[in-house]
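To start, the structure itself, in structure tokens.
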Amino acid sequence: MTAYIIRRLLTVIPITLGVLLLVFFIYRVIGGDPAARLAGKNATPQKIEQIRKQYGFDKPKFFNWQEAAKTGSPAAAFDSQFWHLVGQFAQLDFGKSLQSNQRISRMLADGVVPSLCVTTPIFLVELSVAIALALICAFYRGTRIDRTFVVVSIVAMSISGLVYIMMGQYFFAFRLRWFPVWGFESPAFLLLPVAIGVIAGIGGSLRFYRTIMLDEMYQDYVRTAFAKGCSQREVLFKHVLKNAAIPILTNVVVAIPFLYTGSLMLESFFGIPGLGRMTVDAIYTGDEPVLFAMVFIGSVIFVIANLVTDLLYTWADPRIRLQ
Amino acid sequence: MTATAANSAALAAKPQTLWSTAWRQFRRNRLAAACLWIIVIYVGIWLYAESVYWTAYLRDVVPSYKVTDFDARNAAPSLRHWLGTDFTGRDNVAQLIQGVRIAFEIAILSSAILIPLGFLLGALAGYFGRWVDNAIIWLYSVVDSVPSILSIISISYVVGRGMKGIVIGMGLVAWVGLCRLIRGEYLKHKQRAYVAAARALGAGHLTVMLRHIAPNVLHIVIITFTLLFPRFILTEVILSYLGVGIANEPSWGVMINDAKQRLWLGVWWELGGATAAMFFLVLALNIVGDALRDALDPKLKTAEGSAT
Amino acid sequence: MVYYGEGGDIKGFDPVKASDTETAAQVCKVYEGLLEYDYLVRPYRVVPRLAVAMPDISPDGLTYTFRIKKGVRFQDDPCFPDGKGRELVADDFIYAFKRVMDAKTLSTGSWIFAEHVVGVDEWAKASEDQSKPTDYSRPIAGFEAPDRHTLRIRVTKPYPQLLWVLTMQYAFATPREAVEHYKDDFLNHPVGTGPYRLKEWRRNYRMEYERNPTFHGQRYPAEGEPGDREKGLLEDAGKPLPIIDRVILYNVREYYTRWQMFLAGQIYSAGISKDYFNKVINQDLDLTPEMSRLGIKLHKTPEMDVFYIGFNWEDPVVGGGKTLEEAARHRKLRQAFACAINQKQLSEFNNGRVTPASGPITPGIAGYDPARQYPWRFNLDLARELLAEAGYPDGKDARTGQRLRLTLDMGGAGDAEMRQMGQLMVDFARAIGIELTMNFSLQAEHWRKLEHKESQLFTSGWVMDYPDAQNVLQLWYGPNESPGVNHCNYKNPEFDKLYQRILTMQESPERTALSQQMVDVMLADCPCAFLYHRLLYGLMQPWVANFKPHDFPYPNTKFYRVKPH
Amino acid sequence: MENTNQTLLDVRDLRISFFTDEGEVRAVDGISFSMKPGETLAVVGESGSGKSVTAMALTRLVPSPPARYLGGEIIFKGRDTLKLSPEELRRVRGAQISYIFQEPSTSLNPVFQIRSQIAEAIELHRRDVKDVDAEAERLLTLVGIRDARLRMGDYPHQLSGGMQQRVMIAMALACNPSLLVADEPTTALDVTIQAQIMELLKELKQKLGMAIMLITHNFSIVADIADNIAVMFRGKIVEYGPTQRVLHEPQHPYTKALLECIPRLGAHKHRLKTINHAEIEAALGR
Amino acid sequence: MPLLEVKNLKVYFPIMGGVIRHKIGEVKAVDDVSFAIEPGETVGLVGESGSGKTTIGRAILRLLEPTAGEVRFDGHDITHASERELRPLRKQMQMVFQDPFGSLNPRMTIASIVGEAMKIHFRQMDRNARRDRIAELLRRVGLKPEHMNRYPHEFSGGQRQRIGIARALAVEPKFIVCDEPVSALDVSVQAAIINLLQDLQEQYRLTYLFIAHDLAVVEHISDRVLVMTQGKIVEAASSEEIYERPQHPYTQKLIAAVPKAF
């Protein structure tokens, strides 16, 4: 078991390296270096050259063979842009944003709370409502109630999230003044974005959880439970729910890393100073270090979340023995 | 019961393929059948839009939907312009029709990238296992760990903006889901006795992989395509909002994005028109996709959840 | 009194990095320099701020001597011993100037002194050594402090722009204690002498300032332009600044949201989107009754900027050309393109919020002459004629019969207004038979393309750093080619020679004439098609007083007043 | 067992159909039989003969849709279970008629311990039992599980197939049912285990005296245990009578053929009889 | 010379574990098994699920890689033969599988299932010849040639098993491993398939390795019986001997478990 956990933890390394390589390749290799941007609008070519040197943009991208051949030490081959980045990240030093000059670790720390303030309630409300509705669907499976829920959830899924946000903000905040239009001052400011987030996402979740529940409904053990004399409700809440918990858990835990990245759209429209918005900004401005850091942390959390899923699996499903 | 059904079926006149059985089941779902008609109508519009585009292209003239009328800009709906005109006086209905073309082109071209990619990698991983599997799992874990919107934008940053960027971006990101499903199916099928039978006859790995197993998992491709189609359309809206959308042709995402500011002026028809055009197609595709899955492979768990 | 406004993304509060207008506006609330622009008087003039008076300039124009106000204290801050702000001295300026030149701070402002002030370049070079911290005790010959309150600046050759650049945030006094105390975090802890101090900053969301209790004082100006008194701008004349106690700025990203917040009274000022324009502004370019009824005030001011479509001089189709014959044909093509741009329609499209540009020199600057005719103003016949002469009759290559296709790069992808304007450009090109493909990039990509000379046609603009023609003319100076500011990569020896001349000339009619001559040289080659100068339309809530539009408005919040509402 | 002569179960003209794409499939096509308390009835038939549907139908366990109960009566202890309310039906299931199924590995809920699965059966119908654990242990011991107390904490997958089936039986016996329906209880098990389970059923029947309805496709396992045999073919009972008579003097050609096609130990390499289904169907007049 | 000779065959499956997923143990599915089959003979292999009998069958056909030991077929050592070397031999040994649902590719018509072997091994055969031969094979196993264009799901379990047999016969093999060919079938169908296998053996002089868990069936069809438990063969004797004088306790247990004749 311990060996399994350690092994799974170690997979973080190749995946993270891969992610870094991917993003590095896109932004640094193909995107060119950002020295001129750092130098400002009136910069002289000399200044740009100096910045290139200072940031190490003049070094080879992946391997410094030249240096290695010269000094004869294989370690010198790693004196390159990519491996410097790797070394830096290994020490959890993400450097500074090109755009805001801030330490990225600080930006992350500042942004994660607002992001979680929005995503966590959305996640929890959506999860509990979707599961409750999915149970109702399973209870009334094949009836008009079930079909209505399915159709409504597909309708809800078919509207662009952007339209939900725009319409929601326009009608409920601006026209009706039920909610503040914009801001991040008190929990009241979160009501509308959370409500919109839940409505935009619930269709998909409901449909997914319903499928899982219905799958379980046709298992042999359900027949046994009925043969014992269990009522619909007992079968549903006791037998089916606990079995369905396993696929649901997988789905849920894998969604957790995305809580951390926040919601791009909601954050931009409602002025929530979270990581989603920070990421969008970084995309717009080509703020490489921020993107590197976001992607890096995102992938680490993602891999860990996957590990947690597997561990929860054993907890929820006694059939699975990890060796 | 199944055996009885099979026996009686054996007496049926025509050979029954999986497709004909599935089609019969699909047809019984009235809603899905109706939605199929909606899709057919959209396909018709798409073909019409293509013809408009290509005619203009081949004649080297400006296509009608691009003809601007500066003095008639931002017009309200009228008999001439059912949904009014846009900021340069182009007819909104004509724009919406071209939006159908763009939506179909995006979906089809992205799929043309992701389906072979996802299928091949999934098949290789599932069939060969061991290090091939490990390498492919590594690859898709890497792709999967980066939020998809970020990846799409990054890729389009490299390959260029507009249609090309979106199509390649989405294609290179969305293959993971299909790859997982295909890999799982291959893992399952390679245990089946018919694979052992083929091997015992001396069939090579490639033959087994492509001629024997592939037809058994092909329906997943179709289901994935119908379920991804609406996702592509919805993602395009977000990409447009983020500024990596289509630039030189009218797309729904761009239209929604353009119309959002005029909403304040009570100009609801622009946003409403684009939203409705998109909504009906997405809805129809979602319902048909669902019904297809129920008909072809009810146990298949395709990934769901919101893209944002 | 609280002021609610909008603030953008900023790069922190370190003056040496304040390269954009948003950051400058925030830095200027806390820090101050030797000089600043007069708030009300036009044309712009520079008045002393931390200097007691305007400097003494030696007759050869090479030495500037400033006397610094006594008794000015930095704001109270934990970085000082016992937390009390120390008195400002001349060395604080020298320290600040050295930080601008220090390679390790990566200041975006080193150009204000580089190659001008005696000894700065050697000092900057020495600071590049990454192995040890920069030695700030090493002197720079051009910056001297003969006594605690005197600062002497020596330049190598006449530097007429010096007084302008000294108003810029790069030249603001910073206390060494704060830099050394906060280190990396200095950019989040501004410690200045200015009217406000930063109370709270939630990045990407909200900034809050409060009155600096130890502010050395400033009074509302008593003198203005004609008409200012009628507008009530002089009601507070002589009152101590700042007038408003607290300033709260929100960073609202979505224009749509911003507008809703303005209407809801949550923020006090807003720009006007093209899409709302008709609702807010009537035919006569004044507020609609609906808005007037709300008491909302409209401000229209020309901005000191210029927007243009650049042609990449190195492009094989539109560039400078390799042979003389090619050069001539390409020039005609560029001119044809420029002639096809319907500036009037462009202005109409922007609801009259722009003035057609006739050249690079912006209104309000010596050398700008509204009477001058732009040689390539909209003229389709001329455009077609030029195009035919360039070898593309009806937009088709005379040799191959292929339609001419050009690509125009635009930044600001995702911005609906940009995209719509792009559509207009496509129409303009189409009118003479050229097929124009728009290529919208994110800001960062757009820069990259320009830096790497990858664009064919591109849109760009320049916002003036100071009111002097030289600041914009540098955009066509050959040695400034990409990655420098000359993104057209335009090269013309005649132009370059003239540029070098005006660089060191004091402002004079002769210099203005030379600038105009440079413009003529450049316009003949047509390395870019000029579009417009923006007119700023701003809306103000009725309860905001003392607002006057300004091209360098960074420190101006201190003048505003909020009436009870 | 006060009224030994009374009929425990009386099925009359039961008809159940499934409606599928191909049309109606008559799973149970008008069958009638009856059982006395303590009697063991073996229902023998090939797959698709409708024997499982019959068994499940006794307490309306066949989900409807897709099945439809078209007619007939199932009189259990004087009441027609087809007419009982869902609530009444629940009180019959598990308490008076209980079931064991073919696949013990999937029929047990994989995520619950043995303890709670048996306890659930007890708690559902026997509110008076104080010490549920002790009762569960007694039941497990009864079905021949050693170290019952220890095993109770196990999950189903930790047990072998034979053990799982014993747990199923213990669960079925939890409320002393009058009728135990065993639906192919040994098909999924290895031969040696198969014998053990049949032995156990026989033993329990003697000990507890409940009636057993044994559904199987295998004649060879019923000889020892069944009192009566009903042979089903395509939804109909083609032969019904005492075990010895059916086995030794089969009347119906189908029964005869079925008996003759089984390979027997010691009868090496003779040619086996086969069944022509079409002929039999023709004989049945369908 | 025996047609098939298995010497000290071992098939172990590794158990992976630990941090770097190295082998921490192994499952001895087949543990040191030796036997031989003479031409024309039917050898029964009986044992419970998990005893390793199916693994032996698959290892002989090299569908699994043996860990150790030797498999000789018709005098060739095929234990380590490459796929190419195996190809001609694949023509001579075939397999019939247990699961009538899984052993036929649901997306292939009967014609292509049966015809595939011919495509691989009789390349020179043209379309029509192949169709004729498929028809002939289908008739031979008791199916109608007009079923050729149908799909497996249209057939009953017994019919499917016949198709599986036709597929095996298509290459004209000498030796067929029958891996529990009747376990999943109804008794009546089981009888028909057993009869068919016996008929075919006579007609084509086939050699069978007949794997099953049902001793009665094995005893019925086989000349000799091998009894297997936990990866080892514990008893090998002629059918009569096994039934009349079982030696090993496990064999005795198996015989005891078979319900007595009625």
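Quick notes on this one:
As written, the chain order gives the labels A, B, C, D and E, with residue 1 at the start of each chain.
Note that in this section contacts are C-beta pairs under 8 Å (C-beta built on N, C-alpha and C of every residue); 3 or more make two chains touch, one makes a residue touch a chain.
For clarity, every value in this text was computed on a predicted model and none was experimentally measured.
Chain A has the C-alpha centroid lying closest to the overall centroid of all protein C-alpha atoms shown. Relative to chain E, the most remote chain by averaged C-alpha coordinates is C. Note on interfaces D-E and B-C: more C-beta pairs are in contact across D-E.
Note on chain placement: the centre of chain A and the centre of chain E lie 51 Å apart, centres being C-alpha means. The centroid of the Cα atoms in chain C and the matching centroid in chain D are 89 Å apart. The centroid of the Cα atoms in chain B and the matching centroid in chain D are 50 Å apart.
Separation between the centroids of chain A and chain C, computed from CA atoms only, is 38 Å. Under the contact definition stated at the top, the residues of chain A that touch 2 or more other chains are 31, 166, 170, 283-284. Looking at chain B, one finds that residues 3, 7, 9, 12, 157, 241-243, 257, 260, 263-264 touch two or more other chains.
Counting only residues that touch two or more partner chains, chain D has 47. In the complex of the two chains, the chain C residues touching chain A come out as 9-12, 14, 17, 19, 103-104, 106, 108-111, 114, 128, 130, 184-185, 187-188, 202-206, 250-254, 256-257, 260-261, 263-264, 266, 414, 442-445, 447-448, 451-452, 465, 474, 479-480, 483-485.
On the chain A side of its complex with chain D, the touching residues are 142, 219-221, 223-231, 238-239, 242-243, 246, 316-319. Interface of chain D with chain A (complex): residues 59, 61, 65, 86, 90-95, 98-99, 101, 103, 106-112, 120-121, 124-125, 155, 157-158, 168, 171. Listing the residues of chain C that touch chain B in their complex gives 255-256, 259-260, 273, 275-276, 278-279, 345, 348-349, 403, 412-416, 419-420, 422-424, 426-427, 430, 437-442, 445. For chain E in complex with chain D, the residues that touch the partner chain are 48-49, 157, 186-192, 194-195, 198, 213-217, 219-221, 239-240, 243-244, 253-262.
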